Amino acid sequence: MTTLGPSGDLRLLDDFSPEPSRTGIWVGLAAISMSFAAFTSALIVRQSMANDWHPLALPSIVFVNTALLLASSVTLELTRRRVADFARGKAPDRSVAQFWLGSTLALGLLFVFGQYLAWRQLRTEGLYLASNPNSSFFYVLTAMHAVHVLGGLAGLLRVLYLLRQPVFALRRSTMDATSYYWHFMGVLWLYVLIVMWIKL
Amino acid sequence: MSVASVQHAQHHAPPQGFIRKHVFSLDHKVIGKQYYALALVAVLIGMVLSWLMRIHLVWPNAPIPGLQLLSKSGAPGGIMTPEYYLSLLTMHGTLMVFFVLTNAPFAAFGNYFLPIQIGAEDMAFPRFNMMSFWTTFVAFCILVAAFFVPDGPPLSGWTSYAPLSAVGPDAGPGEGLGQTLWGLSIFVFCIASLLGSLNFIATTLDLRTKGMTLARMPLCTWAWFITSCISLLAFAVLLPACLLLILDRVAGTSFFIPGGLVISDRLQPHSGGSPLLWQHLFWFFGHPEVYIAILPSIGIVSHILINSMRRPLLSSRVVIYCMMAIGFLSYMVWGHHMFVSGMNPFSSLMFSFPTLVITIPATIMTLIWLGSLYGSRLRITSASLFALGFISMFVSGGVSGFFLAQPSIDIYLHATYFVVGHFHMVMGVASLFGVLAGTYFWYPKMTGRMMNESLGRIHFWFTFVGAYCIFMPFHYLGLAGNVRRYSAFVDDYLLPLIPVHRFITIAALVTGAAQLIFLYNLIHSRFRGPAAPPNPWECTSLEWTMPSPPPFDNFGGKHPVVYHDPYQYGVKSSTGDFLMQDSPEEAQA
Amino acid sequence: MGKVFAVIVVLIAFASAVPIITHHWFGTAIELRPPEDISTHGHAIDEQLSETMVEAGLSFLAAQFVLAFFVWKFSNRSANAEIKTFPGGAKWLVIAALALVGTEMLALGVLGQRAWATVYFTPAKPDALQVQAQAGQFAFYFRYPGADGKFGDLHPDKIDEGNSNFFGLDPANDVDSRDDIVTGELAIPANREIHLLMHAKDVGHSFYVRELRIQQDFVPGLDLSVHFTATKVGKYEIVCTQLCGLGHYNMKAYLNVLSQEDFDSWLKQKASEQ
Amino acid sequence: MSTPANTNDNLKADIIVYFAILALFGVQVALAYQNVHPAQLLVRMLAVAFIQAALAVMYFMHLRNEQRNLRLALIPATIFVMLMMNMIWSDSFRLLHMRPLFK
């Protein structure tokens, strides 16, 4: 039986016994993928059914948002490495890690704000949720994605909180799980974007 | 195969205070019991609703005393209106499918026994676990609240087909706030189920104790695990579907509502949506859901049967493969609910074939149970009676499924009481027999007291015979062409069938009343039952290694080590004819 | 107790089978079988149904009897009775299941596809009589194209039940619709193929005629069609089988199968009433 | 379970994968300018996107290093179920021809 230190901390870096939170996150991602697959199917059926399909020009800001979200993945990966450095004793303190994590959070928030701007832009064009199927799907897909991103932001906040504890309390699995989830948000966004780009 | 090592960092101290102990508890055992209690409340409400429905069907003008208190407009003077019948039907179906059959065999027993059976101290995410129960509870409250809204509870059936369910109050009574609450309730329920399944999967994969390989997990653990995989993906589809339905209702979108509909003389302001899309999404979830309802019972029944037969199954492995096969196939067959719905008729054939194929694993399982009975030392207890009853019911219900699976026959039988008979056999009784078997079997472990055996048997006979009396005639009615979801039978064609309905109603009232025996037994034994020994049934799995009821941390901070596969029965050992999973002893043949 | 279980299971199995074999409920006059088939395709479905009844019925009885027998034989044996294993073990049972269900599936599957195909994969004959059916909360209406053989267009915004404009026709502007005949019952000539065009006015409904062995949903936003030939003169119920609201149980119409002459005079009379 | 040591710092592999994904993105852009039917385009785009996602998930998200049981249980099931969902589409093509009678 392997034992972990009392807090199960990252200093026992080489413990690779499966951690529920890492498994859990994969399982969760499977469910999220399935939900978005369902949305996609709905979109495809709805489109072929429709006599009211009005192609929708994606608000240009979504491409900026895409860049933000992808950049946040990079900063998060940097965070992870710096945290690992610290845990291994290669880095003197956690400030660099905190900086990158803070940047990730900021980029994530900017992304959500950017999405909000995209909705505003559509609204000024007179496209509301119920205006036509294309706008409906645009709002639904982006909103569902944004809700998941907000969940990810909450996770990141928790990591930040743990990272700032006077006694180092961040578990490796927490770090990993959160960052997998966050990267997945990026992958998912690209998927959503491609679908919307082609179909809407 | 890797043996997951057991480390559980949040080793918890005993909970303090009433709220932490019994209400917002993190302990999987308390949560399991909470799920059980919720399912019990739901099944009782559902049962009373079914009585009211049955009474209304055969005595449509008889006032039911007190009913007007529940709804003044739905039952003026206690006489039910046709729309109120449909509301009760909808609530009955929804409560039973979601809050009884997803909760009792899966969430309740699964929560209580899955961690123990794999030697874990708790679920992987206790906090999530608590959240999923309370989320379920909220969903339940939302659904029940629909009883009390001004324009009546929803009446689109548990399937809530669009556009009836999507266009709003124009479509008639029950399509206002009530239907929105229905959608909301199911939406919330999906979230809870997703959290629950996630937890089950992570627990099974990560928290198995030393020596507990996947192959050594008891059959019910396997069933819960497979069920959670099914339910993870199924509820992930229902969730967006419910969201879209709610948006159609409250935000004016048109996902499921086509253009040009004139309802209550009003041209609806929608266009382009697809009613079939709802049906597809619903049944994409709906069919896996029925296996979510039956698989845990299959696992529980196998577990109990083996224990009562004092011998392992001819092959547990084959049963596991069959359950997996059913899991996979369950995603290929949803269209069999839509043969005459206007779906592409070619797809009907594509859906019919796997549906027929799914009877193969079911048959294999049945034959394995039967074959294992041969030459066993079957002990008859309340639990084993319900387990045997399960087999009988599963066969009856499954065979009628075989009729429905053929699209040509389904042209005639679809939407008749034949379907109602089919699903009550498999789901209304077979699945619930699994729950009842589980209850009689695990009650001593869960409460530390024995239940009364004689009452248990009386309960069994009433329920078994009664259920056949209720649900077999449904099949005959269906063959005669009796349409389902009718509030009253007014056609010339259906009037002669009323005596059969009367018989069913009486059987339902008697059978329902017999459930009071069970309820009495459940409550009375809790306080007055004789104390339960740790292993009253001489069972081998890990839950029976600990005192009854188990301490809050299950194994007292230690981690059991598992040496055997779960069903070492019919062997010679120091304990008798069985060998506990955690006993290092080697069995002599 | 095990023996009691066995006896009761056998009794139940018998009791379940009897009404199916005799088609009667306890020997009374309540008939529990599909009514006589009056369509040209229905016999295929009926054959399929009785075939399935035999095969599935036998499987049902066999399974219940074996269950009863084993429980009778092996319950409450003494604690040191020998434990035996079913001859052949799991392997043969799996093979038996595959063979049993496999052949049943093949036999029924192939047969069934044919029955299905006659209903759904053959197009209606060009000379079939076209009738349009519209289902709305809680009534069916039927429309015949009239002398010109053409249906006028539908305009949902023109639907006006008070003025008996159930379909939303626009005779003022639309020539085709002027001679359309709208009725509340579906009268058809016997032995002639009917091509029923189905249109839903509001929510989902269904068209079910037991004697015709036809059931098909009306799907809003989708215009489906079915075709059938009735062979026997008489009056039959058309009922709605898709939950459509409070009046669902009471939503019905009559199918009136007439001889060709009677049908012609019926149509003429209806045309004069419009 | 895979070897513990080399998961975190395998920068070289990461960079290679990163460029592979970028290259695939190039393929996508090229595809977008091909003149094909939108349905075709969707299929192709999704195919490439699927490879990209798989790479990202496997390497950046370290699924490659995850438990075997997890991979066995989750990936085939999810993919299978998603594929099955495509059966819904079979309807959508037919529906094109079955618009209501009214104009």
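A, B, C and D label the chains in the order they appear, each numbered from 1.
Everything below uses one rule, namely that a contact is a pair of C-beta atoms (placed from the backbone, for glycine too) under 8 Å apart; a residue touches a chain by one contact, two chains touch by 3 or more.
Here the structure is a predicted model, which is why all the values come from computation and not from measurement.
Undergrad: Name the chain whose C-alpha centroid is farthest from the C-alpha centroid of chain D.
TA: Relative to chain D, the chain whose C-alpha centre sits farthest away is C.
Undergrad: Determine which of the two chain pairs, A-D or A-B, is joined by the larger number of C-beta pairs in contact.
TA: Higher C-beta contact count between the two pairs: A-B.
Undergrad: Taking all protein C-alpha atoms shown, work out their mean, then name the chain whose own C-alpha mean is nearest to it.
TA: B
Undergrad: Would you kindly tell me how far, in whole Å, the mean C-alpha position of chain D lies from that of chain A?
TA: 17
Undergrad: So, what's the distance in Å between the C-alpha centres of chain B and chain A?
TA: Each chain reduced to its C-alpha mean, chain A and chain B end up 34 Å apart.
Undergrad: If you average the CA atoms of chain A and of chain C, how far apart do the two points sit, in angstrom?
TA: Chain A and chain C have C-alpha centres separated by 50 Å.
Undergrad: Using mean CA coordinates as chain centres, what's the gap between chain B and chain C in Å?
TA: One centre to the other, that is 29 Å.
Undergrad: Enumerate the residues of chain A that touch no fewer than two other chains.
TA: Those would be 18, 23, 27, 30, 34, 37-38, 41, 45, 49, 51.
Undergrad: So which stretches of chain D touch two or more other chains?
TA: Residues 1, 67, 70, 74, 77-78, 81, 85, 88, 91-92, 95, 99-100, 102 of chain D each touch two or more of the other chains.
Undergrad: Scan chain C for residues touching two or more other chains and write them down.
TA: 154, 156, 168, 221-222, 224
Undergrad: Hey, which residues of chain D end up touching chain B in the complex?
TA: Those in contact with chain B are residues 1, 67-70, 73-74, 77-78, 80-81, 84-85, 87-88, 90-92, 94-95, 100, 102.
Undergrad: List the residues on chain B that touch chain A in their complex, please.
TA: 4-7, 9, 124-125, 194, 197-199, 201-203, 205-207, 210, 232-233, 235-237, 239-241, 243-244, 247, 251-255, 258-259, 271-274, 276-277, 280-281, 284, 559
Undergrad: What part of chain A is in contact with chain B in the complex they form?
TA: Touching chain B: residues 1-4, 7-8, 17-21, 23-24, 27-28, 30-32, 34-39, 41-42, 45-46, 49-53, 129-130, 133, 136, 140, 144, 171 of chain A.
Undergrad: Of all residues in chain B, which touch chain D in the complex?
TA: 1-2, 4, 201, 205-206, 214, 229, 233, 237, 258, 260, 274, 276-277, 280-281, 284, 327-328, 331-332, 335, 343-344, 346-347, 350-351
Undergrad: In their shared complex, at which residues does chain C touch chain B?
TA: 1-2, 5, 8-9, 12, 15-16, 19-20, 25, 28-35, 44-45, 48-49, 52, 56-57, 59-60, 63-64, 66-67, 70-71, 74-79, 81-86, 89-90, 93-94, 96-98, 100-102, 105, 108-109, 112-113, 115-116, 119-121, 136-137, 154, 156-157, 159, 161, 168, 200-204, 206, 208, 210, 213-217, 219-222, 224, 237, 239, 241-250, 252
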